[in-house]
Structure formats: structure tokens, C-alpha cells
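Below are two complexes that have chain A in common, paired first with chain B and then with chain C.
== the complex of A and B ==
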């Protein structure tokens, strides 16, 4: 087990290193000049001032040296400073990362709380009306645009009923975005739960369990659900990684102060150090979560450890 | 067993926690105002910021040495008096007595000098450094701050009134980390990036700005800037009472205008001017007649009424209305007028017809109202024989691209739409003096005129600026469109009174009251 965990951690570290090097190159492969961008809204910036800033930021050095310096600085915990505002990138990202994690977890919890029971219900009632109804709900959930659902939520719960706030990042503010994320992603969980359970329920050991006279809820909850969870954990891992980076729209609609929104703003303003920092922090987060899921997976499925 | 009284207290606490925020509980009588904007400030260090959303906040925390009235006249600010030497190279400012910084320290001539030195220090990376002019040194004697320039620079006094010329208290930059400590009407309280900035009224404030009536502390006690990027969500916040004031979308603004529950504010002193410019080094746009024909095709009235819902006005000058020397009637005699038939005839004689059009790129940036304007513009141009392909970029990328394209002398010709803002016509210098911001500079003749206007004052300077405008307009290097064009709208609930917007869409909250 120790070997397995060590191998996963080493792989994760290697992946993060590759990401850091690639993001170091980013500034040199995209068109445009960061200093011109920095001064874009200041019509009064003279060419001399621009040249001076370029020198100060080290942009006059050879590319390999700039990338090397970037990687070296990242390993020292320095992701540089933003083009807009000249603030430390790492500080800005770390201020928001907890919010992004919190919303991703909350959205995931809502998706699981709705998705697993629905999938369970559909699998147990396979081919019946309940199954069809759950799948219709699932298709609806997948089809509804997050943006639209978010605005409807705001209109109903904030404007009409006045129960919840429109914008912000407090504990009351997380309810609507988490519901929006959960509702749009529960469909995937429901479908995966259904198909995993349907597969498991067809296995010989389930038939044996039933033949031994076990009660149906024991068969379902004890003998069927655990093997089915393996597939669900995989989906949860993927979904969580997606939610970390893919909740930008929800963050925007509900003004949730996460790293996704920060990254989009940086992209619009071509704030390269911030974009690079986002890539490094986001990729590291995904790698950490994926490694944890892998380890959890091997706990749930002993066959993985054997391999 | 919990007593009935205790149960009530618990209920009250739960309700307060659920439906109110902490500040409401702590200071029940404090007047609070929440403003929702689309974008957060990028920094509160007034000497490091260029974007309007940042300057709007720093302008509340920091004061300027001088101020400007509606008519463009210059008035005292932190300086009670100022004098310019006959040669125009030395300015002396008398710093007002008894000005207190937000941390209790005194803002005097020494503090003013320290702030000036920092603004000019290359290490500050001040994006507005060039606009301070050719300053060579500064000195302090008593309450007098003396600033020396290497040559005459008449726009200096006007620049000192702008939101880009904030004076900081030295305690704000004395430590390793910057602290927004100024002398302005509001004190900094807290900032959660991309979420909210909280300010509180400065009880010691003494106003000198002629645009403001309230002589002392602002009437509101707390001012919060919330970031709500989505326009629909911002309007929901206004309608639900979560925000008292918002930046409305252009679409919503038209509705709010006729709704008695809300007020719509359109800034008049923006100093903003929208223009059309050309890649004049690339043929056939090197031909004056072709540029004129394109100008004649542009129906500015339609852009103002359709794309901007009649919330902007057509403008004839390259210098924005309300700025020094701007004379709309005079500019109208120099620029091209809307005349699609004449445009068609000119283009036809040059071999371009609606069936065999002149192909150009319409290179534009993404802003509210501008997208619709560009679509109408595209149709206007198509009608006279110009096929314009629209290429839209985000603002930061737009100016970067503009710089690159303006260097070219061949390739596909392009027409630009762009905006400029400031408190003085000297922004023409930064745009058109070679090489010019984004390589828009023209030639030695214009360079000389742009240099000369800086060394003149009063009517002589106004006349020189008119010469520059005449040159740009008669040669159709610039086609003025509309004014203003971005960030000039605000909306509030009807409870908010006396809100004003100053130059460069600064937000003035000193006179604001919030009725019950």
C-alpha cells in the first residue's frame, strides 16, 4: 500500500512540474505583449516608460532564462505579481481557493444527495415508470443551462421571495450557487448510479444473497451498493475536478469570489502572471484531488492494490 | 427550561443573523449605501492604477491638489492657492493648513512632496507617470510646495485635478505593504478582492471641490462597493434592496429611466470621446477622399438613438464636450457630415460600389452599446460600397493589437473605433504625437502643433488646440462619433438623493442622502 501511495505521489509531483514549466512558456507563445497590455488603458504611457517596465519585469531576458527563473520562483512559493494592481498572485489565489473548494464541495454534496437516491430508485425500479421519470429528470438536469438556472434561482429566491441574497461569498450566499451546481450535475450522478447498480444487481452473488433469504434492503445496501460505489467514486472524482475549474459561470452569476472568476477576469485583461498562477494552482489542486481519489479507489477495490 | 424572554432573544438573534449583516446590527443608525459594480478595483494604490473602476474608489480615499468646476475652471483642492512663474516652468502650491490623513497624521507640504516623488519614481510603475509632465524637481519651504519643470507644460494644472493625480499620505507607503491612507471624504475599512470594498465617512473632511455642496463629512456613514459581474444579477440586487445603487446595463437603463422607483444618472462631465480612426498608412485609406467618404457614411444620430438608447450625444470634436477649448459648432465646420449619397459617389469614382466593395476590417473593442453601433456602422458602410468585417477584441487586447496593426504599411486596411478620456485636451498629444499611444502618430507638422499647445495658455492654447482639431478633422484622420461611451450610467433606488458624477466618471457621494 505504501508503495502504491508513494508511486501516486511521485507521479503527481512530476505532473505538477510539467505544468509549471508549460505555464512558464505561456507568456511567450500567446500573441501580444504583457507590458503594452498593462498600459493599455493608460493612453499617457510613453514608449520609454513601457521599455523601463519591460526591463524591470525581466521581459528583456532570453526565453529559457525567463522560464527557468519562473520555475525556480514557483518552487520558492513566488508566482509573481499581477499585471493589474501589482499584487502577489499566490496571495490572491490562496484567498479564493477556499471559496472555490467550498462551492465545489457544496455543489458536489447537493449533486450526490439528489443523484444517488434518484439513481438508486431508477435502478431498483428498472423499466418501470419511476425509472423513466428519473431519467427524464436526469436529461432535464443535463440540458438546463447553468446560467439560466442560476438567474431563475435569483429571481425566485432573492427577488420574489426575499429569502436569500443575490451576491456575495458568505455562508448564506453559498446556498443558491450550490443548488444550481448540484441540480445541473445530479443528473450525471443519477445516471452513473443507475447503470452501476443495474450491472451489480445482475451479478451472481446478488442472486445468491437473495437465495440465502436476505432481506431486499440488506441485499441492496450491503451487497450491491459498495461495489457500485467504485464507479460512483470515479465519477465523483472527475466531477469534483470539473467543478473546481468549471464553476466559472456560477461564480459569475452569484458573484461568488472563487478562483474561476479571478481567472476569467485575468484572461480578459491578459494578466499573464495571474493566468500562469491560476494554471499552476488549479492543476495542482486537480492533481491532489485525483491522487486522493486514486488512493480511496484502491481502498474500496482491493483488486486495484493487487495490480 | 428556556424562559419565554430568552426564547424571544434567541429568535431575534436568529432573525438578525439570517436576514441582516453584522454592520446593520452594530450601528443601527448609521446610514449605509451599497453600490454594485461589474468589476472590482485592481488596486487601491492610486499611483499604480489606470482603470476607471479603481480610480473611482481611490478618488474617494485620496484628494487632489487642485479641483475642476463644470466649466473647466481650476479651483483649490489640497492646495489653497497656486502660482505659475512667468516662464511656466515653476509651480508653487500653498498646502492648506490642518488637513488630516485618515490615520490622524498631518498632510502638509512635506507629505505632498513625498507623494509627488513616489508618483514619479520609476519603481512605482505608475501607468500615468507621463501625464505628470516634464517635472525635474520639487522642494518644500513652510507650507509651500514648489515643483520645477524642464519646459513649459500648461496642462499640468488641469492634470492635478484629475482622478489620476491623487496625493497619498506618506504613511500609506511607509511600510512594506501599501495601506490606502489618504485625506479624502471616505476612509478605507476593508477590501475582500473581487467581493467588496468597505469605506466609512471621514469625520474630519473639509471639502474644496466646487462640484460638491456639502462642506464637511459625507452624509452617509458607510459606503460599500460590491462586485456583481452579471448585469441581470446586479439589477436583481437593486430590485431586492441588496444594493442601493448599481451600474446598470444599457438595456436596463432605458427601463429604469421611466420607472418611478428608480433613478438613472448619466454623467455629463466624463471627458470621454468616441472616435473613428484609420490605418492611414495602408492604401486606399491613405487617400483623404476615401477616409472622408467613410466618415460621410456614418450615421451618428442612429448610433446614439438606437445603439445607446439616446443616453449619449453626438459630438463633433476630437476633444470631449466640457473640456477646455471644446467648441462643437466650430468642429462641425471642419469635420465630415453624414451624407451617404456623396460618400457613394466618391467611392464609386474610386471604383468601389456595393457590388464590388472596398474591403476593410472594422477593428473594435467590446463595450456595452458599441457592439450594436458597429453592426449599424457595418450596414451604413455596406450601403455606400464598403464591406467591413467586424473584429472584436477585449479592451486590453484591442490596444495591443492596434499598436501592432498601426505599424503596418500594407495588408488589409482597417477602420478603428476607440475612446479617449481625460480632463484636458492634452490627451490628443498622447494619441497623435509620434509614435503615439498605439502608434497613431501622424507627422512632423502635427507633432509641432501638439508640442506648441503645451507651451501656451488661455486663448492662445485654445486656438492652437483648434488648429490641431482642424487638421485632424479636415484631413479625416479622425471622425468624432459620440460622447460619452463607457461607464457613464448609474442607477439607484428612489431613496438615494443628490448623487453626482464628476470628471472621468468619478463618483461623488459627499452630498448623498438616503431617505427612509
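== the complex of A and C ==
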């Protein structure tokens, strides 16, 4: 057990390290000179200012030393400062991170609340009309672009019906973006629930439970759904990563004050230290959450502990 | 017995889904190819009609903020979406397949190194990988295509590796090895014909994700730039007219949905049909 957990943690550290190295490297794929590109959009770009930024980013050193220096600084908690405003990147990102997590969790809850019952319905009626219907809905669900669904939500609920605010960060503002994220991601949950449940329903202990004369709903809800739900926990980590990814666009649609909106703003302004910082913080969040879920899973399911 | 009945029924619905998907894709390809002849107006011409006019007989999908005909723009947009999709999938598949094959048929150390790197990248959503790459490469259609292609590489590399690792253990590979041929020839002559069809199925799965990424990037202003009639770019400008002209939001989004849906229908169902290990139980 301890071995399993430490292995997971080591793997997580490795992933974060690779991402930090890649992110330090990315600034060197910028065509032409990154500083000139960054300053092209700003009003005054004196040679002194350019030299100052070059020096600050360490762009005059050999590539491998720059990357090494970047990794070293990141491990000390220094993600650099923004090109515009010269503010510390880490502080800016950390201010917005709670907002991003709040929305991601809300979206996750919506996705699970819709996806699990749908998958359950499909698995119980496997091969019948309800199953086909749910799977068709699932294919439709993954085909709708998140940002378009968001715009349609705004058009219908905020503009036409005037029920909810268009943008902002209050509690009423979370409803539409959370629904948008949840609806576009519930298909994955439905599919996973279905296949996990179908697998469980083929197990011997289900037949035993039925043979003992238990009522069907008891067999389904107690004996089948519980182990199936445990295996759904494993996809929650993956789902969370995808939710966070989809959120980058959704935050921009709904002007939600999270790191995704900050990142896209930085991307449009070519604020490279900010973008690099976003990559590091995003990757760390994804890795931490999925590692936690992996560990949680091995506690929940005694079968994995045996191996 | 019931299993066989159920299976054939599922097979039939999967085949139907592929047929529907393929028909729509064929129609889209036709539209993309003949768009300039099909379009009633020049897609770039300003003031082809009154500004922001609602859908009518003269302007099927209405007009945008510059009085351009939306129907013509969406027809022409099919070219961009499909073009970016094809270019990104082809190059992503090529690089990914190469990486996967290298991992499967070279030394143990190379295998571990490549697999670890791919696993790290694979744990992040592909749209996000494309987004960050574009942030560094700079906006524009070529860079967006390149970034989307790169974002598909981890997926294709993993699939190719999984397929070839399965082949590696088979007797025919061992027999071929015993004749003394090199790895390159082994892959080209013996392995590729056996995994090629599965890789084509995988290629269709990448399409929908590539098209969605392209539209998302353009929507954020980091992909295809206006005035190009890319669907995501049209949606981005339509956002400002959400109250006055909702049709600018509705039609490009529907076009996007139909396109992505048709590729998903083909990809999902063919995976179900051709790969008995996944999906169906």
C-alpha cells in the first residue's frame, strides 16, 4: 500500500517536472525574438527596456542553462513577473485559482448528477431502446462545442428569459457555466457508468444475489451500483482534467474570473511568463487532483490493495 | 443466444451510424469542394445585403454586422474546418505513428523514455495543448493547424504503440525476426499491413477533436483570423450581437455540431465494430 502510494506520488512529481521543463523550453519555439514579439504590442519599446526584459528573462544565456534556471526558479516558487505591469505571476494565478476550482467542482457535480443516472438507465436496459437512446444522446453531447453551448445558454437564459446574469462571479453566475461544463462532459460519465455497470452485472455475485431471491432494485442499487461507482472514481480524475481544459474557453464565454480567462488574455497579449506560469499551475492542479483520486481509489477498492 | 441477437442488433445500429456519419461527411466534402459555386453571394463581400438582417428568402441564414451573407460564409467555412482537420490529422497521425512504432520496436530504454513522455502529455486535454502551443507560435491558420497536429500526437502515438505491442508478441513477427530482417523492414512489410486498418479507424476519431480545437482557437482569437469565414471566428464576432442578431450564433454552431457529430458517429461506431475488446461487453 505504501509502495503504491509512493509510486503514484513519484510519478506525479515526474510529470510536473517534465511539464516545467517543457514550459521553460516553449519560449524558444517562438518564431523570431520573443522580446521583440512581446514588445511589438506595447507603446514604448526603447532599446533599454528591451535589454532589461532580455536580462530579466535570462534570454542571453545558452538554451539549456535558461531552461535549467527556469526549473530552478519554479522549484523555489518563483514563476517570474508579467511583462506588462511587472506583477508576480504566481500571485496573480493563485488569486484566481479558487474561482477556477469552484467552477470545475460545480461542473463536475452537474456532470455526475446527469451522467450516472443516464449510464445506469442504459446498462439496466442494455441492448434495448433506452440504451440506444442514451448512447445517441451521449454522442450528441460530445459533439456540441462547449463555447457554443455556453453562448446559446446566455442567449436563452440570460437574454431571452432574463433569468440569470450574463457574466460576473457571484453565486448566481456560476449556474450557467457549470451547466455548460456539466452538460458537455456528462457523456463521458454516462459511458463509463454504463460499461462499469454492465461488467459488474455479469459477475457471479450478482447471479448469487438474484438466486437468493433479492428484489431486482436491491440487486441493482446495492450489489451492482456500489462497485460500479467505485470504478467511476477513476475517471473523475481524467474528467477533472478535461473539465479544467474545457473551462479555459468557458471562463472566457462567461467572463468568469479564473485562471483560464487570465491565460487567454496573456496569450492574446503574448505575455510569455504569464503563459508559462499558467501551464505550470494548470499541470500541477491536474496532477495533484488525479493523484489524490488514484490514492483515494486504492483505499476505496480493497481489490487494488491486494496487488 | 440472447448475446448473439443483442450483438447483431448492436452491430446493425453501429453500421447504420457509420452510414449516416459517412453520408454527412461526403456531403460536407462536396460542399467544401464546390462552395464557391454553391454560395449565392461572395462570402467576403461586404454589404451584400442590409446589415444584421434576419434569415429570409434572399439571405437564408441572414447577414452579419458587415452585411455579408451568412449562408455563403458558412458554406465556405466548411473548407477551412475540413482542411485544417485533414492537415492536422494527417501530420499528427504520421508523427504519432512513427513515435509509437519506434517505442514498440526499438530498445527497452527508448521504449520507456518515449512512453513516459507520451503519458505526461496524454494526461492533458488536447485542446489545451493546442492552445498553449499557439500562444507561443503566434495566432494564424498555419500555426493553429501545426499546434492541433502536435496536440494529436500523444493520442496517435499511444494507440499505435498499443496496437504494435500486441503484434510484437505474435509468432509471425518472431518468425520474420528469425529470418534476420531489420526493424524498419519488419514494421513496413509485416506489421503495418496488420495494424493499418485499426489506425484508419483511429484517424477518424482524431478528426472531431481537431475540428473542435480549431473552432475553439479561432473563437478565442488565436486561430484563423477574421475576416476568414471560419465557424469559430464567425461565432466570436457574433457574440457581440447576441441580442440583436442571434442567427449569427446559431448557424455556425449548428454547422460545427453536425460536422463533429458525423465524425464521432463514424469513429465511435467503427471502433465498436472493429475492436471487440472495447465498448461492447
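Here is the rule we use: the second predicted complex is superposed on the first by the 289 of 307 C-alpha atoms of A that agree within 3 Å, B and C clash if a C-alpha of one lies under 4 Å from a C-alpha of the other, contacts with A are read in each partner's own complex, and residues count from 1 in each chain.
The working rule: a residue touches a chain if its C-beta (ideal position, glycine included) is under 8 Å from a C-beta of that chain, and two chains touch if they have at least 3 such contacts.
This one's a predicted model, so the numbers in the text were calculated from it and none came from an experiment.
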Chain B versus chain C as contact partner of A:67, first or second or both or neither: neither
Which of chain B and chain C A:14 touches, first, second, both or neither: second
Touching partner for A:229 - first (chain B), second (chain C), both, neither: neither
Touching partner for A:202 - first (chain B), second (chain C), both, neither: second
Contacts of A:95 with chain B and chain C, given as first, second, both or neither: first
Touched partner set for A:289, first chain B, second chain C, both or neither: neither
Chain B versus chain C as contact partner of A:281, first or second or both or neither: neither
Which superposed partner A:154 touches (first chain B, second chain C, both, neither): both
First (chain B), second (chain C), both or neither touched by A:262: first
Intersection of the chain A residues that touch chain B with those that touch chain C: 37, 151, 154-155, 159, 252, 268, 270
Complex interface listing, chain A residues touching chain B: 32-33, 36-47, 49, 52-53, 56, 82, 84-87, 92, 95-96, 151, 154-155, 158-159, 162, 165-169, 172, 252-255, 257, 261-262, 265, 268-270
Chain C to chain A touching residues, read off their complex: 6, 9-10, 13, 17, 116-117, 119-120, 123-125, 127-128, 131-138, 208, 212, 215-216, 219-222, 232, 235, 238-239, 242-243, 246, 249-250, 253, 256-257, 260-261, 264-265, 268, 279, 281
Residues on chain B engaged by chain A in the complex (per definition of touch): 18, 36, 39, 41-43, 45, 48-51, 54, 122-123, 125, 127-131, 164, 192-196, 226-230, 232-233, 236-237, 239-240, 242, 394-401, 403, 420, 422, 427, 430-431, 435, 437
Residue numbers on chain A that touch chain C, as the complex places them: 14-15, 18-19, 26-27, 29-31, 37, 126-127, 132, 139-140, 142-148, 151-152, 154-155, 159, 195, 198-199, 202, 241-242, 244-246, 248-249, 252, 264, 266-268, 270, 272, 275, 278-279, 282-283, 286-287, 290
